[in-house]
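The following pair of complexes shares a single chain, chain A, combined with chain B in the former and chain C in the latter.
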Partner chain A sequence: MLTVNHLAKSYDGEKKSLTDVSFSVHPGEVTVIIGPSGAGKTTILRSINQLIRDDDGEILFDDTDMRQLNRSQLRRARCRIGMIFQNYNLIEPLTAIENVLHGCLGTKSNLAGIFSLYSNREKETALKLLEKVGLKDFAYQQCRNLSGGQKQRVGIARALMQHPKIILCDEPIASLDPKSTITVMDILRDLAINDGISVLINLHQVDIAREYADHVIGINNGQVVFDDRTQALSDAAITGIYQKGAVPERSLVHEF
Partner chain B sequence: MNSNVEEMNDFFTKKRFKLTLLIVILGAAYIGASMGLGFQSHSLLNIQDGIAWLIQNFIPNEASKGYWHEIVQQLLRTFLVAVAATSCAAVISLFLAVIGAKTLTPAITISWVIRGFSSLLRNIPIVAWAMILLFSFKQNDLTGFLALFFMTLGFLTRAFMETIEDFGTEKIQALQATGATYLQVIFQGLLPEIAVALMSWILYMIENNVRDATLVGLLTGTGVGFIFNLYFKSLRYGAAGLVVLSVIILVVTVELISNLIGRLLS
Partner chain C sequence: MIKPENQISIPTQLPSGPRLSIPLRFRDRRRVTILLTLAVLGYITLMTLPTMIPSHFKLTEALMSFAENIKIMFLQPRLVNTTFISLLGVLGQSILLAFLTTLIGSVLAFFFALASTRRLAPTSLVLGIQSFMAVIRAIPTVLWVLIYSVVFGLGANAAVVGITFHSVAYLTKVYADSMDELSPEIIETMQAMGLKKSAIIRQAIIPNLIPSYLSWTFIRFEINFADAIAVGAAAGAGGIGYQLFMSSSFYFNFHEVGVMVYMILAFALVLEIISYRLRAVKHQ
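== the complex of A and B ==
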């Protein structure tokens, strides 16, 4: 479904932030990327929907290379890739329902998008999604008045509005309290199990990764140093991933 | 320990020396400039005589009441010119600021051109604008309008551009990630977020332009600036005083209303 091959990226042309990153993500699974700060997790995630232009490699989403698409093709491909962020990135003065409806902008004409001309069906879907994340009563609340956990759930509903095949999550729980963390992670896992969506999450919490992930990718210094089922994530493997200057275990890479 | 204290004493001695030097330079500059102008410092001592003259002549009297009607009419004109110039400039500024802001610009050269253009407009003083425009447009309301318009265009473009850049790229990217187009991102994401900030810049500029419009009117021969000039030169000081009073009332009212709107918005 999503296969990344030999991805490379350098921001300044000198220091390599990613060197030859390859991995695959499967439908209906939660894949978690872990690794020390500055390892390149955010860079990988943002390259997938081309918010960052990478330097080299291949990003096959449904067998088309995201890197080769022109503007309108990219726009269409992005419609099927949801994304949620550590800082939620909602439009704060707008209501929850308006933010959710932003998820279908990609399928609308310029004018319809500008003037918020959503169809009744889209409005119904948006309400149902808010219900799904437990925020039906907050539909007409301005997002700036919501709590962090509620904002993140609006963010998830916005991503779901895209009818995504995959959802990219960049540290979705880093700003949340323990209870909201569980709510959000439970929702993400349900999406994989019940809706067959691929969920790809950058995380710093190894215990959460162990509990929720089906598949774990370890990144260190711009390289894949671990790529296996969660059961194989031993304490020794974790130490290896977070070690300074860890080297890729070639046997594990490309196993999928 | 001791050397630390010495070091600190040194530091403060140097600071005191710099302050003294600054005062000496400013004093010398004042004396130099007044000599150049043939300006007599002792006339400052007669300032109370000046104020007494002002009170005797400029306080509106019974006779100046007859001018109310004309003054209010001209005041309204001045006010309308200021509002029209500000709102017209605001719309164009917003457009320029969006395509000029580094976070949204289609090409970085466009951003530099707009930046240069706006600081050019802004750095020409309003009075110079009015004089330049007098050549082509003669003495009428349009000249005043254009002078205010160009200055405001430069100012608001810069202010809006900074507001947009402060907004950052994260939320813009979040909407781009849904597949939204450039225009959709601007109307659905950017504008709702910065609307309040834009509004307070516009209100500030209206206040400012009401004041400037009076001054520009002196040059362009329109509005309340013009009738002040007229009354003053024909020695109708009471009426001229009434004009000054009415301008003060207008400016204060506009400021109060603008504060009120600002509070309602936030």
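== the complex of A and C ==
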């Protein structure tokens, strides 16, 4: 479904942010990427839908290399890749249902985008998705009035509106309280099990990764240092992921 | 970036000998330059001031006649050569001139802003449009109206085009700045869902922009109203500015000037109330 081969990326041309990263993501599974700050987790995730143009390697999504696509091909490929963010990135002045409907605009015409033309069927789908994430009663609320956990659930509904084959989650729970964390993670796991969507999540919380992941990828200093089923993630393995290699904070300080 | 010579080194030992006062600031080159410039400007001002006063100038007499004119204007407003209704009509002309130029200006400026925001446009285009607009802004509105009056002749046409011209440059800048303030992540998110540029502008940028768009456009309307009065006199564009010019410089009737000033003040007050309401909407 998604295979990443020998991905490499450097931001300043010298220091490598990623060196030779390879892994696969399978349908119906929750795959979690863990690793210290600055290890390259976000770079990997953003390379998959080419928000970051990587320097080298291969990203096979449905057997096409995302790196070889031209602008309009890439745009069409992105329509089937959902993404949710730490800061939710909703359009705050709009209502929840309007935000969810944005998910289907990628496959619609310019005119539909400009005049917000959605079919009744699309609106029904949007309402059903909001119901699925438990926000049916909030469909007509402005998103700026929602809580963090509610915003993230709108974000998930928006990603689902794309009918995605894969959902990329960049630190989806980093700004949430423990209760919302569980709600959001439960929804994501449910998507993998019941809808057969591949869910790829960047996480800081190892305990959450252990509880929800089918597959864990450990990243340190731009390299894959662990790639196995969650059962194999021993305490020793975790120590290895977080300790080996350069301390990322040092490089940050160095830049200033 | 702190230059090494400006870096603070904390003395490990207090200097012995006579106690020196501890400075609170460094005497750096920038501060010295500013102080020197101010000193030179102050000296020039003091030296030229006496030469500007004409020999027959008498301070008390001047102050008295100033007070007299102020009294006529503000305490004895009265119409002589014209009626209140006709003055309302010309005030309306000035308001409409301001409205028309703001309307055309804001529509044009919106598209220029889209082409000159860092969020959407390439750097070369951003720099190109922004510097072109900066040049237009640097020349005052009244001058633009006079420049266009060479093309169109003195009158309302030159006023409309000239004020619009400066409005476009002003609004392009502030709209583009508002767009630059939007989080790049929002646009990135839309791109990640495969949205076309038109959809991103309509669905992500415009909803976030509406409050600042409204308040900036309104500020420009206030500016354009003031400009409309000024060019009414300067470029013969009509409106209450022209009446004001006739009454003050042609008929020397300060009673009438007073009425018009009160009318303009009343309208400015209305504008101020509306803009206060708009600001409340923005901060909701």
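The criterion applied here is as follows: the second predicted complex is superposed on the first by the 244 of 256 C-alpha atoms of A that agree within 3 Å, B and C clash if a C-alpha of one lies under 4 Å from a C-alpha of the other, contacts with A are read in each partner's own complex, and residues count from 1 in each chain.
Criterion: a residue touches a chain if its C-beta (ideal position, glycine included) is under 8 Å from a C-beta of that chain, and two chains touch if they have at least 3 such contacts.
Because the structure is a prediction, the values reported are computed rather than measured.
Look at where chain B and chain C land on chain A after superposing the complexes, then choose clash or fit.
Clash.
In the superposed arrangement, does A:N49 touch chain B (first), chain C (second), both or neither?
Both: A:N49 reaches chain B and chain C.
In the overlay, answer first, second, both or neither for which of chain B and chain C A:N87 touches.
both
Could you look at A:G13 and tell me whether it touches chain B, chain C, both or neither (first, second, both, neither)?
Neither partner.
Is A:I114 touching the first partner chain B, the second partner chain C, both, or neither of them?
Both chain B and chain C are touched by A:I114.
So which bits of chain A does chain B touch that chain C touches too?
49, 51, 75-79, 81-83, 85, 87, 89, 91-94, 102-103, 105-108, 110, 113-114, 116, 158, 162
Hey, which residues of chain B end up touching chain A in the complex?
Per the touch definition, chain B meets chain A at residues 170-171, 173-181, 183-184, 187-189, 192-193, 195-196.
Tell me, which parts of chain A touch chain C in their complex?
Those residues of chain A that touch chain C are 49, 51, 75-79, 81-83, 85, 87, 89, 91-94, 98, 102-103, 105-108, 110, 112-114, 116, 158, 162.
Could you list, by residue number, the parts of chain A that touch chain B in their complex?
These residues of chain A touch chain B: 49, 51, 75-79, 81-83, 85, 87, 89-94, 102-108, 110, 113-116, 158, 162.
Over in the complex, which chain C residues touch chain A? Could you list them?
Those in contact with chain A are residues 183, 185-186, 188-196, 198-199, 202-204, 207-208, 210.
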